[in-house]
Amino acid sequence: MMLDVSVLAGWIERLTGSIEREQEHLTELDAAIGDGDHGANMARGFKAVREKIAQGKSETPADLFKLVAMTLISTVGGASGPLYGTFFLEASKAAGDARALDLASLHTVLAAGLAGVRMRGKAVPGDKTMVDALTPAVDALVGDGDLRKALEAAAVAAADGAEQTRPLVAHKGRASYLGERAIGHKDPGAASSVLLFASLAQEVAELEA
Amino acid sequence: MMLDVSVLAGWIERLTGSIEREQEHLTELDAAIGDGDHGANMARGFKAVREKIAQGKSETPADLFKLVAMTLISTVGGASGPLYGTFFLEASKAAGDARALDLASLHTVLAAGLAGVRMRGKAVPGDKTMVDALTPAVDALVGDGDLRKALEAAAVAAADGAEQTRPLVAHKGRASYLGERAIGHKDPGAASSVLLFASLAQEVAELEA
Amino acid sequence: MKKFINSPEDVVTDALEGMAIAHADLLKVCREPDYIMRADGPVRGKVALVSGGGSGHEPLHGGFVGRGMLDAACPGAVFTSPTPDQILAATRAVDGGAGVLHIVKNYTGDVMNFEMAAELMQAEGVDVRQVIIDDDVAVKDSLYTAGRRGVAGTVLAERICGGAAEAGADLETLTALCTEVNAGTRSMGIALTPCTVPHAGKPSFALAEDEMEFGIGIHGEPGRARVKLEPADRVAEMLMEPILEDLPFSAGDEILLFVNGMGGTPLLELYILYRKAYEIAQQHGLKVSRHLVGSYTTSLEMAGASITLLRLTGAMRQAWDAPVLTPALRWGA
Amino acid sequence: MKKFINSPEDVVTDALEGMAIAHADLLKVCREPDYIMRADGPVRGKVALVSGGGSGHEPLHGGFVGRGMLDAACPGAVFTSPTPDQILAATRAVDGGAGVLHIVKNYTGDVMNFEMAAELMQAEGVDVRQVIIDDDVAVKDSLYTAGRRGVAGTVLAERICGGAAEAGADLETLTALCTEVNAGTRSMGIALTPCTVPHAGKPSFALAEDEMEFGIGIHGEPGRARVKLEPADRVAEMLMEPILEDLPFSAGDEILLFVNGMGGTPLLELYILYRKAYEIAQQHGLKVSRHLVGSYTTSLEMAGASITLLRLTGAMRQAWDAPVLTPALRWGA
């Protein structure tokens, strides 16, 4: 199976739904070690994305990702806005004029997105940020195996990565102000990154089923 | 027994003590239908009275009452300050240069005090104010019976009067803002007036015992 | 009770000392008896304006002492009117020979204490007039109550009379102006939370998570009714309705619209209320030509707000716009 | 959650509309993207000052737009930094041809969003400089954190740079001045209660009746430590200690002392803190020559306070004293 723009739009729609469902949970995580707005930020951004996607058809994955990027950048704010915005913006650039993505190109595209996040936020794995979920998830896409299996592995890797932020002290973002007091709490941005990969895996699984 | 200035000073000291003990209770009553300061107001005033009395000896009941009056006026504030201040000021005027008071002159003196309160505050019995306790108490001093018994009756009358403010709607003071919502609550100023008479009755009872 | 205080006994004097240090350029804090006066007072030939009342309403009144507003303010204990000796001392200190106007909020205690002081000042040969402010429409004025309370409208009276006094108005004129301002002012307040009087140590009433106290005064006293929580726009309507019903506004009138915070409500929410109050005023044909938004007449840390409307005359507008230089209200200087 | 709001989604826009109506003489509120600009902007030939940040800190930043302070402010959602398109639009709108200074509080989100906007503006050929404010001593600055937060000191930077910009300082000078102000500013905050972000609907943390949250920022986030309730004088000491330890004040220095309320703390209590803070400053040989007392950088309805010290130079004092005409800070005009 190839990920063309309609499959990818289905992913974004599914992601929007799961962010809405998880909004309160994301906010709770952020209230514990941040400022309690991550759920609202993400929900506001993806609600706008849904409206934008409904308004006009994107021709290519790159078009779609650019639309998502620009919408997130102009509606989310906070730390997560520029970061997820950059993720999709760099993904868009890497997608070029491909009409559809296979596993290898998906990896390239999302790796570019991750690189953008790391460049913009200067976080490395272990800093207790979304990078801790995104990095193992993108890494799980390496290879030329089955797309669906790879995506399932990526979703699991993201969830593991997010889980592993719990014992960490944060070195970036608001949670870093707390020092040791951040220990024991999952990073909210890592939790939203899990939704990104989980929704993609689900979308593909349902389409293939 | 005659009430000379030292007996009367004993009364004021006893009254001060009972106001201190009842401070919280008076405040609670005032919080329910006023602004929650009656206990603090009275305690502040009588603490100052105690200091003033300690500083210099009054020659006559009139001197003592004037000292109490001026101290209350300049330290209590609120509604109760001018009212109790006027009570003692008018009592002082009525006491003239008597060296001591018997029951009849005590009645005259305290009736003058009550008249002062009614003139200053324009309240009549039934308005749910201190006047509802002061009036029956002063009335109980009419006659030429036993001082101690008369004072006990006055204390009981004051307590009854205060109790009878409960079912009333207030027509004066802050409680009047509440309309029907004041029903069921005892008037704080009536409660402090009870202390006035109860402490005088106790003082005399102990001295006679 | 959670407050930045040292002890209930010291609240007022500690805060007075803080004010004295912070605003030494504008005002002088005199102690025992306590009052706050203009640093440059008494002003010869000017009518002096004296107000006062219980503490806990800051910046009312001490924060309004200065050029173009009050000459002196007498702070009582928290929510307790000041005593006659304070009022006497303040009146004497700022009397500039042209008479003194006492601006008194309508509470039994305040009125009686100011009255006692005025009686004594008159005996000293100083011409003292008293204007009672009673702008609160929550209380039905009747023979059977202590009358309407003086609330946030007091700020407007102090400012407008202060502006006019600075411009040279005489005692007669100022007394009439103050009376006119009061007659044209209506206020209504609502609380989301109670407040805690330091001495009492406990909240003045208890409200459930979905309740508001409607028709409150400024002393943490329970209000006219307990109602369910409503959206801000509905709250603005609930406050505007009794104000507009109660006289003296009619289409075409020019008004000053004042949204006041009770101490614990952030500015953000006050602007939300202002938006709707303005809209309602407009729907009634009123022309909002002046405004005030902020926590100017407070009840300690109470979360709540009040709305005040004042029907403006040209003279009032002119006095409002004149320079004012106080810790809490300042423009043109 | 008890607030005067219509819905969590509408908080910022409703309040912006209220501000627009109330302060139409001073500022213009532009929508989608949202920003607030001086009514008389852009000012030709003057360096424009643009700031912004999450809403919920009112009057910061929108209440400081006007002559002698900011040219524009970009309000984000509550506690969420604004987006690059807002910053871009505001920057374009107030650019008077002499360059634009972005004053940015040091939060990852704020810094990244302003950075993205600045990159785009530079591409349009507009000279944009960015100064990061990080005055909060509660956070240890280290390679392993996002660095110190920008808190109440931001007001001082905006005012001083605004005064200097109005007097004609160029972009180079203003960038240096702002950097110098930030370098000489230290703040520390404490909370008695949490606050509730409208979207979250629940308090940001839970505090017992006898606890304070020490070393808080301005977003309702938990602080450096949870401590027992203390009297106001001790609280002032607790706030002053880390400020004075942390550089750059030494005996003989002239300072500005700023006691800031977090939104739910009444003025009365701020003056009590000011009193002690002033005393401590004096004991350290510091000369308090300017002051600010009030709720200028808030965390919604949080009860709490912060203390800020700024080491003043002559140029800073002069810029501070110059006329300022904004909704929340006004003098000399």
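The first chain written gets the first letter, and so on, giving A, B, C and D; residue counts start at 1 in each chain.
Note that a contact is a pair of C-beta atoms (placed from the backbone, for glycine too) under 8 Å apart; a residue touches a chain by one contact, two chains touch by 3 or more.
Source: prediction; values computed, not measured.
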Counting one step per pair of touching chains, how far is chain B from chain A at the shortest?
3
Most C-beta contact pairs, which chains?
C-D
Taking the mean of the C-alpha atoms as each chain's centre, how many Å separate chain B from chain C?
32
When centres are defined as mean Cα positions, the distance from chain A to chain C in whole Å is 54
Building nodes from the protein chains and edges from chain pairs that touch, which of line, ring, star, complete or other describes the result?
line
Give the pairs of chains that touch; include all such pairs.
A-D, B-C, C-D
Parts of chain D lying in touch with chain A, wherever the complex brings them together
8, 33, 54, 76-85, 107-109, 112-113, 115-116, 138-140, 144-146, 149, 197, 199-200, 202, 204-205, 217, 219-222, 224
Sites on chain A touched by chain D in the complex
27-28, 31, 33-37, 39-41, 44, 73-83, 120-121, 169-174, 176-179, 181
What part of chain D is in contact with chain C in the complex they form?
2-7, 11, 14-19, 21-22, 55-56, 58-59, 63, 192-193, 209, 212, 229, 231-233, 235, 263-275, 278, 291, 293, 295, 298, 300-301, 303, 305, 328, 330-333
